[in-house]
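Each of the next two complexes has chain A plus one other chain: chain B in the first, chain C in the second.
This part shows the complex of A and B:
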């Protein structure tokens, strides 16, 4: 591949204005010792707030993928890196041919970028969906391209309806502001 | 003109269960993660050291998850690196979000790579399920009854130009997911003569209802009483224990708790090695 373009942003408020119920699913614990066991991944002290539920999270990823697929002739795969969600079904868009969701997209991006295809998209989501999850609420999109001599990513993604909920990673400091979600209304004005 | 050779050929399979539970509450999950990584990597190394041509791709699929096994801010990178160290090769892809249908996405990825390069590929696929926290809900499930942890190893040859390479993947509302899954399994089996279905292991009442959907096709034995639920490995264990499997075409399917299902046609090589250790 000759070109590598990166769009790295942090979600700073809820990307969709429509109200949504919290949809996290509790693990179906069987005994009280299950709570003791689950303390190993209790992470409530992380600085980044939870700004999306699972449903909105999947909607966001699906919107990003659909936008890229309709704007760019992607002949390689869309590789999506997300950590294991609990209990909420993936939308069919994330299960479709040409999309693979995995734990670490780097080895696949390396393979596909040497496989003779023109464009491979790598999406790394670190957006938290629940208090027990790691993440700095960043979303990074990398385009591995043999055909784009200038960056098409920023023009495509900055016009997306969800873009106003993001700030460039180096401008968006970690926040503990729990009311960030209210800014979502501004997003759609 | 349709291809005469199969797109997906199972050349070798081995399955062994892991201690279930593998950890108890209060154990250090990092140490448990390292112990699991050693077992997974060693199983891959043993399996791949049969003197045949090297595997093109090494894929791992899991249903049970933990940030300690997958998250890059936790010990996910160490887990994958340790597996690679013991396996003596890097993991090319590990998937977790697809639950019990994970193997179908890995076959599809292998076929996509075969298509991209225009030649067949040899895949080492492991289906690994193990709870590293000692959470009882992981092996005493509310939906699938008792479960068993284990490592399934498979040597699969894929060729995108071959026949029967279409892998059906879909999601249905939970209220109808089993009916839709069973109906599609049945339709796939009826479409081609001599196709035998290998399905997930279900508890008695569920199995009875499920097998009614598949009433007029041949379905392999229900092994839940002996194995419990073994996540994505179920249909492969059933296949591995079938005495008449070699040289035959099978329809394999898995159903995920969230309503996803995956169905694929698998041809077992006439000289395939199939080893399933009974619990």
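This part shows the complex of A and C:
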């Protein structure tokens, strides 16, 4: 029997109260036609504001990973799905053993789920760090577990210091059917 | 109906945002202690609230003057709320905003060169035309499939017979007609006029300025082929406009009566950003000269030129708030403190406190309020190769 638990939340304000140094990145214009190309990035409908820059974004991911690694006996990898690793250097927490950063973690999640490990964590971020990025400010954490018959994710993440900056995207429920949860995550994007 | 008039205009309504929410919460010692100085600290939430409140108070569309604060991160945090667009004065500013802001972007510079004009054209900007020559240059551009919009910039003194102070921006009515005729033979759509009476002129000239623009519009419309559907009255609003809501209410009524047939815009920079930023600098040395205590700081006019107050007739220096981790040694009599910056320029005096209880200590942090607009962007940075101020943002 395997279980799948999903914590799917939306960032609604900055997760850290202290001021942060400005770290937005200027686009590297080289020719005049770059301005025409860049225009296409501007989104006419902006459902979610930018609440964090690059530094705070990576700090948040590192905090989530650290919390899960210390709270759960994760014997598989923490799979982190992020786009465009720009802005600032990736923190060491994302480069450490047991963490795999990729632009698509589903194949790895499937492989590890069938590889006999007890717990694999998948983190999918759609948090905007700049106005030219898509995203709905969602953060989804999925636990693939062979050993947890009740949801440990909710209690762990609910008590996290950064949790107050999030609101539920939907009522995540435990299921033994991984494909349904993955599909639900896809629909949210 | 044209695209210009299709943009929703804010219904006239009283400002519903509390006055206190339009100012930054005071900086605490704990907050300041974590910042490397010299530094600016900005509050994006205050920027957004001030924009929304001013838009409500004016009852018109409101364009953000990017030159007042060109920090990229502030655009990133606040850009979604700048629904009526941004005014840009250089290709550098255009480079920050392009790709980030889908709202209208107005480019406005009397000396716009070919590269700036081309970049603005191909990235979909609107033009504010300053002269006949500029109209001719824009008309000569290959616009491809685009139909760029343009406003004719009128000179406020010229259309009011000198009722407001003269400056070198814009055109007289005859020149505006000539510019419109040139643009009529191109892909450019002339959609209206722009006229700005100058910084901080709103309280004194706002109503009369609007009347002069109305008359100019009525003179121009029969003479130009294009329907003039849009009027940009500029801004000139003071930083403390939220202390003058009664006058704004009267102004709004005048505007709604004068311009019921056209779409009205205003522009604002210091009115939006001014109270959304503070400047912080640490005291690095103290001494006494005659009857003055001198506090030498790690930041000054090289990071915040306006604090030196060199441009007015009177040099009126601000008194900073002092954050100290050590209890001040109380003086038996009031003391005068002069806060000086980090350059060897004798004009680098950035603050003054009369009748203070105690002299500052080394390590104290000076907080200068109301430094969110122009203080950073209007600072010459190369003298002595001093370090630039860092910029921090509060959480949103």
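Everything below uses one rule, namely that the second predicted complex is superposed on the first by the 166 of 189 C-alpha atoms of A that agree within 3 Å, B and C clash if a C-alpha of one lies under 4 Å from a C-alpha of the other, contacts with A are read in each partner's own complex, and residues count from 1 in each chain.
One rule holds in what follows: a residue touches a chain if its C-beta (ideal position, glycine included) is under 8 Å from a C-beta of that chain, and two chains touch if they have at least 3 such contacts.
Not measured: the values here are computed from a predicted model.
Participant: Should the pairing of chain B and chain C on chain A count as a clash or a fit in the superposition?
Facilitator: fit
Participant: Please work out whether A:67 is in contact with chain B alone, chain C alone, both, or neither, and reply first, second, both or neither.
Facilitator: Touch status of A:67: no partner.
Participant: Touch check for A:101: first (chain B), second (chain C), both, or neither?
Facilitator: It touches chain B, and chain C stays clear.
Participant: Is A:23 touching anything from chain B or chain C once the two structures are fitted on A? First, second, both or neither.
Facilitator: second
Participant: Quick check on the superposed pair: does A:169 touch chain B, chain C, both, or neither? Answer first, second, both or neither.
Facilitator: Touch partners of A:169: none, neither chain B nor chain C.
Participant: In this superposed model, does chain C or chain B come into contact with more residues of chain A?
Facilitator: Comparing touch counts on chain A for chain B and chain C gives B.
Participant: Which partner does A:13 contact after superposing on A: first (chain B), second (chain C), both, neither?
Facilitator: It touches chain C, and chain B stays clear.
Participant: Could you look at A:135 and tell me whether it touches chain B, chain C, both or neither (first, second, both, neither)?
Facilitator: After superposition on chain A, A:135 lies in contact with chain B alone.
Participant: If you stack the two complexes on chain A, which partner ends up touching A:49: first (chain B), second (chain C), both, or neither?
Facilitator: second
Participant: Considering the aligned complexes, could you tell me the closest Cα pair distance between chain B and chain C in angstrom?
Facilitator: Between chain B and chain C, the shortest C-alpha distance works out to 10 Å.
Participant: Overlap of the chain B and chain C footprints on chain A, residue-wise?
Facilitator: 27, 29, 33, 36, 38, 40-41
Participant: Which positions of chain B touch chain A when the two form their complex?
Facilitator: Of all residues in chain B, those touching chain A are 23-26, 29, 65-74, 76-77, 80, 90-98, 105, 108-109, 112-113, 116-117, 133-137, 140-142, 169-171, 258-260.
Participant: In their shared complex, at which residues does chain A touch chain C?
Facilitator: 13-14, 16-27, 29, 32-33, 35-36, 38-44, 46, 49-51, 53, 130-132
Participant: Which residues of chain C touch chain A in the complex?
Facilitator: Going through chain C, the ones touching chain A are 31, 34-35, 41, 71-73, 75-77, 79-81, 94-96, 98-102, 115, 118-120, 122-124, 390-396.
Participant: Okay, in this complex, where on chain A does chain B touch?
Facilitator: Listed in rising order, the residues of chain A that touch chain B are 27-31, 33-34, 36-38, 40-41, 76-77, 81-85, 87-92, 94-95, 97-98, 100-104, 107-108, 111-112, 115-117, 126, 133-135.
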